[in-house]
């Protein structure tokens, strides 16, 4: 198959629940998408949208009710496929009676590596994720962030061509997030394909070549981060200060109209305008002697976008119900 | 096989680090106390008491370890999600199960061998020498190990789809039922209902017969165990373990790890 | 191609093969172990008191368990026509030591012990001893005296003691009136057909156990046969007086009008005259086997 690196076709998953598992809840519905060679693909969606389900289906932890998927041309049911993928589970947890070095060595044993190769790789990986000094400590003493790093290390230990990360940035402090971002970018530089899930827009924007938005078990859009509907600019925000001396002067009278529209917090003002009005507003502020601190794009948050999609779903469901009567 | 071996070694390491082998201290104390005091409270059966007490302790301690660790073998890995990263590696699920089984059997083997050494030491202390008939003890201990293997296989099977508490219940139920298999077979004489008697008879061949491995009385009295029985019991335990592991693999391979 | 269905099929085939193997192996192991154990007994511990101490608070459960063992042991031996019941008495002792109030163990146990071989251990004196312990532990239960009188009457043929047992039992306010009648009757007559029939009828009517009921029925039928044969012999004597010869067939008695029709045994088979000229059961009658069994026993 000369197709994409990750091919997903019509993947569907139901979770049984209730008494005797008689009822079923659809967790993923007819997912079809591709991830191309060497790209960083972000899976965006709120909690419970089906991101983890998709990833678990890909790595063989759960089995689809319908549909197929393949990685590097090998179907996901093929054990050989696992040689070339690395996987970081969501909130990873490892044998807490082992040290980081032991856990990595244990995982390396499943990859037909020699003992020397294993110990060399383990050292290199610990260094890469910044745990070289903590390698001899049992994992029961690790913090969440440190466990996340161990998880990353075991995912890339064996030079996989495809790296699949489930919420790699969750539960990390800002420095930790940055380090994970750097590692993902490095993986991209090394020519690996990366698929990761997140519910944080800025992470996706910063790292991804393309993102897929998944809500309620359905794929709602795929494209470059900017192309996604909800991420279009809604306007501009200007942040400025008025020096105390000019605040009372007659010059400020010119800007009276505009100041009335601005919101004041402390000494600072915040003004929201449309893209077309931006230059006129800036001109007015300059003549009023205002000091411009920043001009930023205003975007709908991902949460707002998700809520919008969920509400659209509800409206549709309601409409179907009405027409059905 | 290499991968199952890696899982097995890790399981063994876990048991060691969880201080499972500390039970040996208890066993050693028990044997020492028995060796020192038995001569003072009874006459003429010191050797018998040491042997029966030792074999019983080896069996009970082994059973406790087999059941209580066995039922967590798979469940704990699923519950704590340690399994997730592992199953993304090129390892088949049956290889994982086999490794878990092998790891606990290895632990039990090490533990049992250590206890056997303790029993021999106590025996030497009491008798001052060993006889040829004492080799029957090794057969009895080997049978105990076979029995433990079977218990581990059952516990592992239940661990694949049930919580530890229920799995303990199921495993013990099978074990107890397996001790009464012979009664079930003779029960047909006492029950006038032919359907019930046939059902029991059929069940008595399906259930694992744990009474097969009980030669403690013979061993305590130093009676010879026929070689054929050793072979048959080995084959029985191996075959039954394969059957149970096969079912476990079938169950576990279909299982979704949410 | 391997589909999930074909996998299941392969698994099922493997399981069937596996369990067949287990079954074969088990038979081999059974044979080896049978040779290993001279008597597969459960009497590792013969002391009921020790067992009681070791059973913690679960003593009644253990007693029930031992009682089940008694029934198994007895049933197993009978089914295999093994006439050695030597463990029966110690097993019963254990059971009743564990739970002295397990009435059923005394009642059935004494029967198992007393009945002659091959139906029982043939030790009526052990049965009596068991009942005496039962009476000691359960002084309010009059039926033990019924069983005791029964054993003295049928097995030991000690009619004075049988009468005494019935008498003792009849003193209980809740005992039945016939106990007193029996005490007098047995004292006066010793063994008589009507007493035997009455005693078995009591067993037949009061027992809830189907096997005991069947056993009582057989006894009643055999007693009926005994009575019938006695009557037929009397008729044959009369026939001889009239004609000067013994009848060879029962039908001859019908022909001369001494009987309205061919008499049949309780199973519906006509009686015959044996080579010795005495009335007997038909060779085809299922009762014949029972009769032989009981005669041998005595």
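For the reader, a short list of remarks on this structure follows.
Chains here go by letter, A, B and C, matching the order in which they are written, and residues are numbered from 1 within each.
Quick note on the criterion: contacts are C-beta pairs under 8 Å (C-beta built on N, C-alpha and C of every residue); 3 or more make two chains touch, one makes a residue touch a chain.
All values reported here derive from a predicted model rather than from experimental measurement.
In terms of inter-chain touching, the protein chains here are arranged end to end in an open line.
Centrality by Cα centroid goes to chain B. Farthest from chain A, judged by the mean position of CA atoms in each chain, is C. With each centre defined as the average position of its C-alpha atoms, the distance from chain A to chain C rounds to 83 Å. Rounded to a whole number, the gap between the C-alpha centres of chain A and chain B is 49 angstrom. Distance from the chain B centre to the chain C centre is 43 Å, each centre being the mean of its Cα atoms.
Multi-chain contact residues, meaning those touching two or more other chains, do not occur anywhere in chain A.
Those residues of chain A that touch chain B in the shared complex are 15, 56, 59-63, 79-80, 82-83, 85-89, 91-95, 97-98, 106-107, 109-112, 151, 154-155, 164. Note for the complex: chain B touches chain C at residues 182-183, 186-187, 189-190, 192, 205-206, 209, 212, 215, 217-218, 223, 225-226, 228-229, 232-233, 235-236, 239-240, 242-243, 246-247, 250.
Across the complex, chain B is touched by residues 7-8, 11, 14-15, 18-19, 21-23, 25-26, 28-29, 32-33, 35-36, 40, 44, 71-72, 75-76, 78-79, 210-211 of chain C.
Residues 2-3, 6, 10, 13-14, 17-18, 80-82, 84-92, 254, 256-258 of chain B touch chain A in their complex.
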